[in-house]
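All chains are identified by letter, namely A, B, C and D, in their written order; residue positions are counted from 1 within each chain.
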Amino acid sequence: MKAAIRELFRWSVRVYYEDTDAGGVVYYANYLKFLERARTEWLDSLGFSPITLERDHNAVFVVHRLEIEYRRPARLGDLLDVTLSLAERGRCRLVALQDATLGKTLLVTARVTLACIDRRNWRPLRLPPLLAATLNAPAIEEIA
Amino acid sequence: MKAAIRELFRWSVRVYYEDTDAGGVVYYANYLKFLERARTEWLDSLGFSPITLERDHNAVFVVHRLEIEYRRPARLGDLLDVTLSLAERGRCRLVALQDATLGKTLLVTARVTLACIDRRNWRPLRLPPLLAATLNAPAIEEIA
Amino acid sequence: MKAAIRELFRWSVRVYYEDTDAGGVVYYANYLKFLERARTEWLDSLGFSPITLERDHNAVFVVHRLEIEYRRPARLGDLLDVTLSLAERGRCRLVALQDATLGKTLLVTARVTLACIDRRNWRPLRLPPLLAATLNAPAIEEIA
Amino acid sequence: MKAAIRELFRWSVRVYYEDTDAGGVVYYANYLKFLERARTEWLDSLGFSPITLERDHNAVFVVHRLEIEYRRPARLGDLLDVTLSLAERGRCRLVALQDATLGKTLLVTARVTLACIDRRNWRPLRLPPLLAATLNAPAIEEIA
């Protein structure tokens, strides 16, 4: 079970002009787009798209908290690897560790707390059981 | 009535890092954001916000067609004037002429065709009568 | 030679939350990002990245003019095909026809005029000869 | 001197379609744009624009670290107050506390660490003395 935590999902992102700013590097807010693309593709790889989550489970994942550190800049044309590993799984939330790397160079590292909410009233919602079963990570209670 | 067409709405836009790209200038897609800000503020100045249009009239304006010419680049820190004048008013659409200028220099010029649609079925919707009355521009039929 | 004009470059684009707006569809300016991704990948497939164009040829392509028609909206999760075919080739410019489709449904169609400029002075620059040779499309003069 | 820390800079931001996503609320990355607009206007109010910082001092401020908590969503048309107060001042960095509020409701709260870097080599640079003098906040050393 602990192994599951270390499983790494990987998604490639190309840097286009749209992502850069006049400093010649990727604009700091745009890494959050890259991180979310990886999260979406990770959920999709588990069989849960934003569309099915909302339609079948009334569930939407929203970012509740984010800590991000910018170590080195990415530049136009770079092909980045964005990674995700699950750090915690609570009843209504997930915590993901995410990086952006260029080759072996770490550019950005982030810790993202996602809340699962009910799209009908924006209140916390238990993770859909099917998804919870798929995420064979230890629950937060087990960690703490 | 003809005079109304030449009435010019003006909205100021500051260029921040978010708007620029690695070429050192405003990214071409971002001018469309500037143009829409001016359109929203123009409608708002007439008493019609996106919120009230949708809630009270089931109406949403969507861009159906856009022609835009990029003449000179805008740069970080520039304070642009974005203008709007109404060129045509149809039953279900508006055509706006919009510019972005820096001082007396014309940077971008655009012609934007907006369709009024019913948010419940995305079909064409007549302009809300109150709005149509406010826009004392000649209807398309009168021009053609 | 005429055949070259009809050659179609194709690039896939997934629609993420970042691309959508409160209307539930892709925000109109964001299609311009999709179009540019396809243009960049097309040039890249011919051996010319933005980086090499600038470094080896002092050349930057900027959009000089754009006409775009929005026919149907794209939505969260859609996997779009963005296409490009070269319509014209001048001394210092290219005209590309670009579409975005979802399956067989045409969503957006655009005509994009790109100017090749010298990055040192932002003045028109002849297409790099290697690129011009690669683009075996008839020159504008031959068409007109 | 301590009072300076509690001085609050305030900047208004209107939420447009460009800022929202298909969830009907402001997209999480876009708050980072709002935060940066307020930082830019704050520096500008002290007499230091990105342009003058770079041209006169070779200085660029980049975000090195960000912690952000999303408490309540902002929606289309909302007029937000984005605030900034300086929490720390180091030799080569600043730490800003920033909020986004709607009326009296706190939506987003962030702690942003800015590094001052030399634009010529992307290495840490001492704060321009004029700016340091203007920021009459206690230096980090004094706090710790």
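The working rule: a residue touches a chain if its C-beta (ideal position, glycine included) is under 8 Å from a C-beta of that chain, and two chains touch if they have at least 3 such contacts.
Every value quoted in this text rests on a predicted model; they were computed, and no experiment measured them.
Repeated interface: A-D and one of C-D, B-D or B-C share more than half of their contact pairs by residue number, and that pair is B-C. Fitting chain B to chain C on Cα positions gives a rotation angle of 180°, stated in steps of 5. Averaging Cα atoms per chain gives one point for each, and the point farthest from that of chain B is the centre of A. Centre-to-centre, using mean CA coordinates, chain B is 25 Å away from chain C. Distance between chain centres (mean CA atoms), chain A to chain C: 30 Å.
The distance from the centre of chain A to the centre of chain B, each centre being the mean of the chain's C-alpha atoms, comes to 36 Å. Counting only residues that touch two or more partner chains, chain D has 17-18, 23, 29, 33, 36, 76.
Those residues of chain A that touch chain B in the complex are listed here as 17-18, 20-25, 27, 29, 75-76. If you check the complex, the residues on chain B that touch chain D are 14, 16-18, 33, 36-37, 40, 49-51, 76-77. Across the interface of their complex, chain B is touched by residues 23, 28-30, 32-33, 36, 60, 62-70, 73, 119, 122 of chain C.
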